[in-house]
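See below for the structure under consideration.
Chain lettering (A, B, C, D and E) follows the sequence in which the chains are written, and residue indices restart at 1 in each chain.
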Amino acid sequence: MPQFSLYEEEFHPSPWQRTWRAFRASHIAMAGAVLLAIFVIFAIFAPLLTPYGANEQNIDGLLVPPSWMGNGSISHLFGTDSLGRDLFTRVIYGCRITLGSAFITVVIAMLIGVSLGAFAGMLRGVRSSIANHFPDALMAIPTLLIAIIIVAIFGTGLVNSMWAITLALIPQFVHHTRSLVRSEMKKDYIVASKLDGANKWQLFTYSILPNMTEMLVVQGTIALSIAVIDIAALGFLNLGAQSPLPELGAILSDGLDVTYLAPWNVALPGMTIFLLVLSINVVGDGLRSALRKRVNH
Amino acid sequence: MTDVMHVKQLTFLHNEKKRWLKRPEVFKLGPIELTVKRGETVAIIGENRSGKSLLAKLLVGAVRADEGEIEINEHKYLAKYKSKDGQRKRTHDIRMILQHSSETMNPSVPVGRILDEPLRLNTQLDASERKEVIEDTLVKVGLLREHYYFYRNMLSDGQQQRIALARAIMLKPKVLVADEPFAALDPSIRSQTVNLILALQQELGLAFIFISHNLGIVRHIADKVIVMEKGQIVEEGKTETIFRWPQHTRTKKLVTAYHSLVPQQTIR
Amino acid sequence: AKQNKQPFYSTGVVYCSESNPVTFNPQLDTSSTTSDATSHQLYDRLLDFDPDSGRIVPSLASSWLVSDDGLTYAFQLRRDVEFHNTDYFTPSRNFNASDVLFSINRWRLPTHPFHNVSNGSYPYFESLGLADNIANVERVNGYRVEITLKRRDSSFLANLATDFSVILSQEYGSQLFKEGNPSQIDQLPVGTGPYKFESFRKDSYIKYLHHENYWRRDINAGVNALTENIDEGIEGNTEDNTKDNNEELGVANADTSVKQLIFDITPRSSLRLAKLMTGECDATAFPAQTELEVIRNREDLTLAEKPGLNIGFWAFNTQRAPFDNPNVRRALAIAIDKNTLLEAVYFDSASRAKSLLPAASWAYQNDADDTAYNPVLARRLLAEAGIEPGFSMTIWAMPVERAYNPNAMKMAELIQRYLREVGVEANIVTYDWKTFRRHLQEGLHDSVLIGWSADNGDPDNFYRPLLSCGAIPSGTNRAMWCDKDYDRLINEALKTEDLDKRRAIYHQVNRLMFERLPLVPIAHAYRYQAYRNEVKGMTINPFGGVRFGGVEKVL
Amino acid sequence: MIRILARYSILFVLTLLVLAVMSFSLAYLFPGDVLANLTGIVPANDEQRAALEKQFRLDRSYLVQFFYYMGDLFSGEWGYSFTSGIPLREEIGIAMPATIELATYSMLMALVIGIPLGYYAGMRCYSSSDYIINTTSITTYSFPVFWFALLLILVFSLQLDKAPLSGRISLLFDVEPVSGFILIDILLSDLENKRLAFKDAMSHLTLPTIAIGAISTASIVRITRRSVIDAKNQPYIAAAMSRGLSGGQIFFRHILRNALLPILPLMAIQITTLITNTMIVETLFSWPGIGNWLIQAIYQRDYPALRVGMLAVSSLVIMLTITVDMFNRLIDPSREKYEHAAI
Amino acid sequence: MPMLDIKNLTLEMHSSEGTIKALDKVNLSVSSGEIRALVGESGSGKSLIVAAICGALPTEWTLTADRMSWNGDNLLGMSAQQRREVMRREIAVVFQNPQASLDPSATLGEQLEESIPSEFVQGNWFWQRAQHRKKIAISTVHKVGIKHHKHYLSAYPHQIPADIGQKFMIAMALVSQPTLLIADDPTRGMEPTTKTQILKLFTRLNQTRSLSILFVSHDLLAIASMSHTMTVLYAGQTVESGRMKHIKKRPLHPYTKALLDSAPSFRKDLPPKSHLPTIAGSIPTLQHLPIGCRLGPRCPRAQRACVQTPVVRKIHDHSYSCHFPLHMEKL
């Protein structure tokens, strides 16, 4: 059978390339991505980018206003806090700690949640019912409550708050993985793979997992924004990261004591959290609509 | 011609486990007796929801039967159970093309990986050998070697059908079962596919069991026709016999309906 | 908010206090929160300090006589003083000598039926050893009481005027005793003060109602009139005077006085200020030093300011090695720069402390020795004491704000930094206030940042509770320091009537303290009180304590 | 129908049981001595300890203890708070309605504003008004609730002096708690200045409600909009249009219902977020609710309070979630297709 | 004059990869009382034409036409209200995928009853009207061959099998008694008996009520048995259009011929199991359309001229667009 190859050399983008194209087409999403990239760079290269140490106190410059204010100093871009620590430095380290720990939290939650969810999704019968409904019930327990209990058992600290948030995030991943696995399991290509002789584990790794990446990316961004807000909230409530640690929520809570004298100590860390979360959400939104477009295409 | 497949007392009641406070769906299929010869083409026809697809799935083991035995190539399978090595052997012997070929392709996995799967799971070939086999098979079904790297979304319906075919014949089975392989295709692609299957059948000595509503094609390629109604085989026989002297009312209805569409005129 | 202009809102005064009172009986607790919430609102004392001059003035005792040997004090009690009439207690009689006996004997006599109620610890009196010094408290007649001391005590009257020497109702006590529920006396209090207890919800509020039949219908007028009689300090009979004054001024007071007093418990000082600004509070406790400027700049707020009788310090647990070594303590003391602490923590609204006594005290020593910042020397001293670099210790930072230390946490962080420079790793420890104090008392700390607000102007009120041996069990001696010489000196000072001689002894004590350095004095903070302009009649009390008797609210 | 009800009640009971087990085991998980954690009493000597252990049945097997714990829970003996010494049931009885009240108003606000706005944006998708709504909602949605509440306080309380910033009502009012909902209680009470009290309570409610509600509203707008757009692009809407149905018919009969169905399960998840946000906002506005209470309890390590408080809050939230889920299950005809498994 | 008259319909889709002409100068007309078949390979744009006629295309796409009129009124220029009126009373559509075209949250009965134009419903009171509606619904359902109306009218779309869904869509289209029925692949996957039933129903309606039908299908057998005229579409271009008889006898376009040849039933002379004549290759994707005649790369008769788009040529009412048509010698 002769093949005409007039249009063989044409470019067919792979699924991910198509997502990226659709994503790139949205200006807002790109702006969010750039902002997020800046935050990530801040987080990764914090020690190189910051002029001072995170806990370096400068006794001579307490509560120096940000540099754009009348009596601000150029050597402290965001001003200093009540211990004379450079706020810019602290905020950048804050990005590192908050974003970094949120990221770790999400990755751990994802690993656990996806395994459990896959397990629950492939199971049948009563065991599956239990595996299905238990995470759903857990999902209903507010993060703050879990955090409070963890703090009560293990004490305060960033790591403990990360565990709490991990626990709170896991059910989401379980839920989504499970419903995705269940719906994928009903699809014909799974039947085809089964006929090829694939066992459950092979089905999962070779057939379902590639289809799950999108869900994981989307859920991951959602979880990341939740994790950032929650870590900051726990830090703010003094249930998470403790004071000298430059965690954005803790910095904000520190700044609250000098709100009237140095409002930037509240405004700037808060603004940073907000922008961080906003950029994550915008990117997540962009990704979601890009994926949607790809599916609709 | 020798028999490649014997089906004895294949029965299916319902797969839905009885659940608390839930009425199980009841559909009874069979008992089915069936013999397929080497290189034979068997067509299954029947009304909607008569259990054709179900029968096909039972044959390949995609759905577990309640009773019965299938013997392929002198190897007996209890249709009721699905033992590990039995399944593997069966994969070598009998393969299926599912109804909607496009949905049987994983959208996130390139063609190469899809076709790799049966080889990886059922043979001892190493990666490069497998790739060679896959590329050969791609050529055999009328595609290009480059299609190895394509994703589902880049392929047309006909090409997808060919991939499904490639996947099915990759392990050189004795029996190929296809569920409405031509229904979703348009006329010109359909003819191509028919030709392809005919050629492959000749080349590999495949027994081909297919389900179709298109009696024209059935008449053209089938050696034997099976008519189903409500989970039972109501008539079975040589194609020409069925088309000319249908016995059962269901068969009669089907054949009449077909004839009423085909004008007794010929071109030229 | 605008609607606060409704006349209804002038019927109550809301005070933003910083914490929960531990109990409603100030005898049982030295914390200022407890005494603020109780002492001057619910109770009266036999004597009072005049808020302006700091002198002792009559209160429930209308006059008193001191014998020549200084051992016998006779008090003439006021008649027509009514106790609170509440849901849980209806008094059948007015205040009389039995109530005085009941109140004093409760903390004085271990055999008293109420002595062991509510844990039976009376830290203030115990730290002063007051109970031991009282030989007898005697009822002469219904309105006359005589107290006999074993030794002369020049600060005795002052002690009776402190927040802790409140007068409880004997009748209420015996009623509760009969009911078998004696500890209720400290939870549902009954007193003679300007307000009576209504309800308390932990972490949110304490509600008081106006005491309709309060004996002192106009406090300000009364107090002013009383002052001149006290000069002799020996005798005073001002009953007639007060009455006159009341008649003159009484009419106007009837309606404007507030019907409700509410303590809105708000631990965070920024929130207290916020509430003050929005008018949700009429006055607040402990405005943070950082906020003073803001308060000064606002037209609707008043900031009252007085040097406070307090001290913030850093105490070492001298019973723990290596802090039992004075050289180690010295090394640590000179490793920190106090001036920075003053600037960063107090925002310069405090004066540098050299000894325990603030400048407001008559025994203040201007030229007392002071530690000077010298990290080099500190490192050497530490090395000599055999302390390796990397040695780690704990700094306990108290979790609450106090005038003497508005932000212990921050101070701890600063000290942590200084100590790191001399090779000492400091770990900051903090708990909630109750646990914190319990653990402190158990001596689990290496060092602690805490302080003291005096209850009366007497120097002994600093020296004795903070560092004497007797104060260790009562939990005010945070250094857990017991030094014979020190105790001998302060006891001697107490027996001395001559102020100059006494002053000289205290200077000797300062010298001793500087040598042995059980604690590092850091600052004497000013005392501030912020209130809205609508509130009239607020006075600032150098001995701590707010009082709302006679306060009015004019919208 | 009955099957679903039965299934959900079993689910609910089982979940509660699991929660009870968790809450029971907390006593052993909290650091320190179990006896002290449970009772707040530190026994002076071994005898006293033995006596106390006997009294609190700590010497019996876990199963027996659990059994008695459940008994105590059902009979309302929830223990006493360490710090205040008040029965926990009383404290929770005051705090819980305050939280529910705040959460209810916020949820109402989110529903009343969010759903119509979401529908509007969805129907006009990719127009400029949709763009504005969408941008605003994603921005609002990204606010950390505690910072948002702080901003509200700074602007509306401190700068503009428009609303008070703490508590449910001025402390000068003495409202008898009957239902626990302040507005209802005021109406039920015999205060002289009811009107003033009501106004006062309303002004106290405003800011916290907005702080919580705005974020919930934003997410509801987003959910609804997405759902409407999805529904609108379904082939059956095109089919309905080509049948010549009017815009109203299409909207009310087809879009409205189909867009609402996927929103409901998401709303169940929203409840959790809502409660978390409420708990955080309570601490900022000194709202005497369960969140504030729990956070105070954790600051003071009030273990009995934490134990029971956790059980109370999670039961409440789970009850709400399960109810919403069940409701959704009952009204959604096609749910059955996707979800077979249930206990 | 044809009822539905479409001339040079062009549809451009805009995506991130550029603009695609999914339909390129398509001509189509349906006269009164005519059954016109629209054939073409999958993806050739048949459903797009259907959607264009009933205005169900996404608004982002650009639809242009020299003429697109319904009984002389320009469909493209109509207001939404007018168009809706036309759709409600005169044109009815059966979409390709019945399961997706039914609202999953409403029962079939509700959806069917809602499609009944209110003029058909008699009765003054709402209950009378409801009853009458129900009667109409039941009789329509019977007409298309659904027997258990009780069961199916109260069922939700996901509860019914696909073939019932197809029949139901037809019932919904017929209930408004339109003058033109557009049926997009209404018999896909149906067994022959049911298929003939439906086709007979169409033919009968066409004869008795002179219902015009635009019949979109792959099924050449079905088309040949009932339609009067036929339009062949390839990759968004009309390649041939004319009377069924003529086309069947003498197809002018190579693609049409290949199409007809591919149906074995048309050829008695074909021995069983012999190779069917086909045209090689497959239909190009929309993103990679060849220039000029879109069949070009596959056409056995292709020559250099085929890179130019052929113009439409007409012989009587038989039009075709090919540079090198078949059977021309004989004409």
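Here, contacts are C-beta pairs under 8 Å (C-beta built on N, C-alpha and C of every residue); 3 or more make two chains touch, one makes a residue touch a chain.
Nothing here was measured: the structure is a model prediction, and the numbers come from that model.
Colleague: How many hops, at fewest, get you from subunit D to subunit E via touching chains?
Modeller: Minimal hop count between subunit D and subunit E: 1.
Colleague: In this assembly, which chains make contact with subunit A and also with subunit E?
Modeller: Output, common partners of subunit A and subunit E: B, D.
Colleague: Which chain's C-alpha centroid is most distant from that of subunit B?
Modeller: The chain lying farthest from subunit B is C.
Colleague: Return the chain pair with more inter-chain C-beta contacts, choosing between A-C and A-D.
Modeller: So, comparing the two chain pairs, more contacts are at A-D.
Colleague: Averaged over CA atoms, how far is the centre of subunit A from the centre of subunit B? Could you give it in whole Å?
Modeller: Whole-Å distance between the two chain centres: 47.
Colleague: Starting from the mean Cα coordinates of subunit B and subunit D, work out the distance between those two points in Å.
Modeller: So the centre of subunit B lies 55 Å away from the centre of subunit D.
Colleague: Any idea how many Å lie between the Cα centroids of subunit B and subunit E?
Modeller: Between these chains, centre-to-centre, one finds 30 Å.
Colleague: Where the centres are mean C-alpha positions, what is the separation of subunit B from subunit C, in Å?
Modeller: The mean C-alpha positions of subunit B and subunit C differ by 94 Å.
Colleague: Residues of subunit B that touch two or more other chains: which are they?
Modeller: In subunit B, 154, 192 touch at least two other chains.
Colleague: Two-or-more-chain contact residues of subunit C, please, as numbers and ranges.
Modeller: none
Colleague: Quick one: which residues in subunit A touch 2 or more of the other chains?
Modeller: 1, 3, 256, 259, 297
Colleague: Give the list of subunit A residues in touch with subunit B in this complex.
Modeller: It is residues 1, 3, 5, 8, 12, 14-15, 125, 187-189, 191-198, 202, 206-207, 210-211, 213, 297 of subunit A that touch subunit B.
Colleague: Which residues of subunit E touch subunit B in their complex?
Modeller: 40-43, 161-163, 188-196, 199, 218, 220-222, 224-225, 248-249, 255, 258-270, 272-273, 275-280, 282-283, 285
Colleague: Write out the stretch or stretches of subunit A touching subunit C in their complex.
Modeller: For subunit A paired with subunit C, touching residues are 55, 57, 59, 62, 82-84, 243-244, 256-262.
Colleague: Give every residue of subunit E touching subunit D within the complex, in rising order.
Modeller: 51, 54-56, 84-89, 91-93, 95, 97, 100-107, 110, 114-115, 156-158, 172, 176
Colleague: Could you please specify the touching residues of subunit D with respect to subunit E in the complex?
Modeller: The touching residues are 234-236, 238-246, 249, 253-254, 257-258, 261, 332-334, 337.
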